[in-house]
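Once you scroll down, you'll see the structures, which are given as structure tokens.
Two complexes, one shared chain (chain A), two partners (chain B, chain C).
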Partner chain A sequence: MFQAWRNLYSKSDNAKAYSLLSPALFLIILVMLIPMALMLSFSSFTQVSMMEIDFTPTFQRYIDFFEKSLLVSLLIKSVKISFIVTLITLLTAYPVCYYIAFYVKKNKMLWLVLLTLPFWTSYLLRVFSWKIILGTKGVFNSTLLGAGIISEPLTFLMYSEEAVIITLTHAWAAFALLPLYVSLEKIDFSYIEAARDLGLSKFEVFWKVTFPLSLPGVIGAILIIFIPTVGDYVTPALIGGTEGRMLSNMIQAYFGKINNIPLGAASATIMLTTVILITAIVSYTTKRLTQRLS
Partner chain B sequence: MNENFIQINGISKHFGNVKAVDDVSFSIKEGEFFSLLGPSGCGKTTLLRLLAGFEYPTNGNLLIDGSDITALPPDKRPTNMVFQNYAIFPHINVEQNIKFGLRKLGLTDDEIKKRVDDVLALVKLEGYEERFSGQLSGGQRQRVALARALVRQPKVLLLDEPLGALDKKLRDEMQLELRTLQKEIGITFVFVTHDQQEAISMSDRVAVMSEGKIQQLSAPNELYKNPENIFVSDFIGETNFLKASTKSKDGEHINVAIEDLGDFKVKNNLNIPENSSDVVCSVRPESMMISRDKSDWDICLEAKINQTSYLGEMTRFYVEVSGINKVITVSSQHFDNQSFENNTCFISISLEDISLLQKK
Partner chain C sequence: MNEKNNSLLVYTLIYFGFLYIPVLFLPIFSFNDANYMSFPLAGFTTDHYEEMWSKRNLHKALWASVKVGVVASVVSTAIALLAAKAFVRYKFRGQNVSYGAIMMPFLIPEIILAVSILIIWINLGFPLGLVPVTIGHILFCTPFAMLILIARIEGFDFSLEEASRDLGENAWGTFYRVSLPLYLPGIIAALLLSFIISFDEFILAFFLSGSDATLPMYMWNQMRFVKKLPHVLALGAVIIVFTTFIVLLAFWLRNVGQGKEKQDIAIKL
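Then we have the complex of A and B:
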């Protein structure tokens, strides 16, 4: 029996691969595929009353979603906030990575470790720390008050869209740094010298050579920030208040206190689809952009 | 023909305490195939990069065709470079790579097309326009790099060890091809290499560099036949050094005492002073004759063969001469490792073939 099993194992590469993958596959089926299937099927049901669900399949929940202007506007707001967060992160992280990749000669690793140091603390702690910074009696306001620049605390800092954007940008910056750094670090400096040699100014070299060659990292950074921030609900819940609320907070409410699981499931499905669509569009257009640039 | 097409005047380049290029001055002629030759770390690549504008000199100035380019950035210089790793942009195809440097020249579309077609024909790459760098062999990549630089019609083409990555057969072919190409288009080539065979087979003139300085600048045959110092004699080809001391001068000749061999009268091209003990005699392995019987050459010594290496076109013999505490290398096209019984032979030297060099 054991011998037979061993023969099978050594003969078939597929069997070997699957047996190595099986713990991960099992986990993915358990925590990804089954919940996804459950979510999809729940989105086709109807919540009749507090405790009762009608299991007749229907598309009505999706129609409900688009008829509720609040949900649609929250979806748009989620995408908008994520988009701004992604953009700010890219604009701030790219120059830093460029600097480390091309100008730092020694101890590049030390730079990267120092930059990612804040991310060794928990996500929740970092969100809370922004509460301390941005709050009415927070670091920011008390400094300005103490200096006599303002006479009343700035209230828009906290419980607003801006607060959510600041917090999310900080929380996810490290995830943008690494793919950007790796893609820039990989660029052979002789490409840049060759472009200069062929008559391009430093500025042109960046747009014609460095940036196109770093695009895999840029796309990676966009996706790695955009996908999780669209669905983030911890930051808007703690920092956002009513102003900074995002769709995920509403979905959470549907599964919780509002108790309309089918509509919550439909909202989640719509959000997932939106993210997939945007991801596809981003990947496609950046590829086209590269070709256009060169 | 402009004798001083490229003028390098007192150029130094220091990196911290390291003097990569140390007060170098010379000129390169218009239309010349000029090589910078030396071991790694001798400063040849730094000198090329100074010409390209990727480095700026610590001291001195550079002129090309009469205008000072010392402070100009790479994009403003009349030079183009073929990089050691070719640096073919991987995100665009061959045609776009070649057109890359043309966009700033203000050419019409027709002119661009003509230039691209011409240069593709020149490097024999027609039909490869749509390929990407990853789809090309090493030799093809090298041609693209060459085409991309030449299409801009620079006054000077700089080549940084462009044949280093190719296998031997292809390298020999490309040497010949580059040489032919250079004569055809007449652009001044400055070629950096550590391969002495490559430098002497391709160049009109060669500058041998070591420790940031020019050791000798001359035509390849001069370099080989009349090396000016021990470094050049040792670096170019193979040679045997014999300790010696000079005695009295005799016109263009000088009397020397070669250690363990006796007194001889040899030519004194380098005008080495009398009564100096800091000299060596250099004799090339192929200028000596190895034979079974005694010869009537100026010097004929009985020797014992220690070892042989058969190289195909010739055989190299490592021999020991009684009284000389040194293994001497002799090469021969007539004899091979089977030719001598009992490993005894005679080696003969003509005084004409002895170069007298001064120790530093």
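Then we have the complex of A and C:
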């Protein structure tokens, strides 16, 4: 019996692959999928008192969410902020990747290391450095005051939506640079030369050849920035104040001082659903767009 | 393309300035002799660095982060090594689905991972602390470690392993004498980078650590007090220098002994 199983095992790539994969899949199921399923079921419960939860299933938490105008407006604001951050990051990072992919010849390695390095430094510290810059007594204000350009510190710099957008754009830039660079680097330069030989203008070459070919990287960058920034907690908590608050800050409060775990779980589920929906829309439309362009 | 594009070069340099300059303010103000971080600088001091030595909670948090980081990086690298080998070595049914599933922790907002682990952990009746943080970090580090290892193992000649088996070496002996030495630079790179990810991770620690603060949690708690900020700056500066050093070391290791072409592939992953 054992021998038979062993013979089968040594023949099947499927069995070998899955025995190597089993610890990783076990980890995903046990630490991610089961907890997320439990979170989903908690969103159907009711918090009766500080310590007590009523386990009768109900949709009431989702109704609660959409009846609280604060939560709905925070969800919309989170999506809006992430959208703006994604757009700014793409527009500002694309030329940089374009330059490194097509114009840099010497020491490309060094440029790439420089590009990747900020990605690995502490996220908390990257956000914190903006507090130093934008604070009431921060770098920006003290420089302007010292130069006599302003007579009182600009207080709107900190604790606003704009401050959150600037900080997020900086903190997540490194994530956009990599997928964009990889897709641009892959482009076979003979396509671009062929387009030029056919008499297309520089703008046409970019719009009809280079940009469509780099679309996979653009989609990658969009998703890799948009998804985590929708759920960002640190930046709005440190930089946002009340005005720059996002949905994550309320989710944290429901699990913390407000202590309404079911409503927190429902809010988290709604956030996840929103992210999945937008991801699906982005992937679908870009797929259609690529088909049309090619 | 042999032409030059100076306006794009200038723009690229400005962009790199935008990426790097904000972070440089931490080390600059960590040597500034004042509690506020404003210009003009008040004078040079190393007091804030000396202050770090006297903070007992800081030492405790540092030790906590090192413990969590070591366990999380070793476990996630081991899990990732097996998974990476499965993806590089075999073609199997459900390959894309499995790959997507293992990469998921990297794509889901981290707060959702943190909240769901929190719910299951407290409902199992376990106390919050470094154990759930470590478990969360293992989940979070595994996809990164796997990407690094796949890049390194890709193109590895698996017939070497088969030859070793044919010559009568057992599975463990083959791994120890043939595979491990060849994988080693990749494994060390994966260990170092997972350690850094765990060491800098904040959200999971914030929800799961309870009263056992990790280093990012310690900094978070101190950031609220203006008087305590300078030594947080000093600590931040030390952390940035330390992380940069480790990451450069990992990059170097990942590429060591690989041809130019493979280096380019490796860095893209």
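In the analysis below, the second predicted complex is superposed on the first by the 278 of 294 C-alpha atoms of A that agree within 3 Å, B and C clash if a C-alpha of one lies under 4 Å from a C-alpha of the other, contacts with A are read in each partner's own complex, and residues count from 1 in each chain.
Note that contacts are C-beta pairs under 8 Å (C-beta built on N, C-alpha and C of every residue); 3 or more make two chains touch, one makes a residue touch a chain.
Keep in mind the model is a prediction, meaning the values are calculated, not measured.
By the touch criterion stated above, A:L198 is placed in contact with chain B alone, chain C being left untouched. Of the two partner chains placed by superposition, only chain C is touched by A:L117; chain B is not.
In the superposition on chain A, contact of A:K80 is made with neither chain B nor chain C.
In the superposition on chain A, A:K68 contacts neither chain B nor chain C.
When the two structures are aligned on the shared chain, A:L178 is found in touch with chain C, with no touch to chain B.
Looking at the shared chain after the overlay, A:S190 reaches chain B, while chain C stays out of its contact range.
Of the two partners chain B and chain C, more residues of chain A are touched by C.
Applying the stated touch rule to the two superposed structures, the chain B and chain C interfaces on chain A have no residue in common.
Taken together, the chain B residues at the contact with chain A in this complex read 52-54, 73-75, 79-81, 83-85, 87, 89-92, 96, 100-101, 103-105, 148-149, 152. The residues of chain A lying in touch with chain C in their complex are 13-14, 16-18, 20-21, 23-25, 27-28, 31-32, 34-36, 38-39, 42, 92-93, 95-96, 98-100, 102-103, 108-109, 112-114, 116-118, 120-126, 128-133, 135, 137-139, 141-143, 146, 170, 173-174, 178, 181-182, 185, 189, 223-224, 227-228, 230-234, 238, 248, 251-252, 255, 261, 264-265, 268, 271-272, 275. The touching residues of chain C, when paired with chain A in their complex, are 1, 3-5, 8-9, 11-12, 15-16, 18-20, 22-23, 25-26, 29, 36-40, 78-80, 82-83, 85-87, 89-93, 95, 98, 101-102, 104-105, 107-113, 115-120, 123, 135-136, 138-139, 142, 146, 193, 196-197, 200, 202-203, 206-207, 216, 219-220, 223, 232, 236, 239-240, 243-244, 247-248, 251, 263-264, 267-268. Of all residues in chain A, only 188, 190-191, 193-201, 208-209, 212-213, 290, 294 touch chain B in the complex they form.
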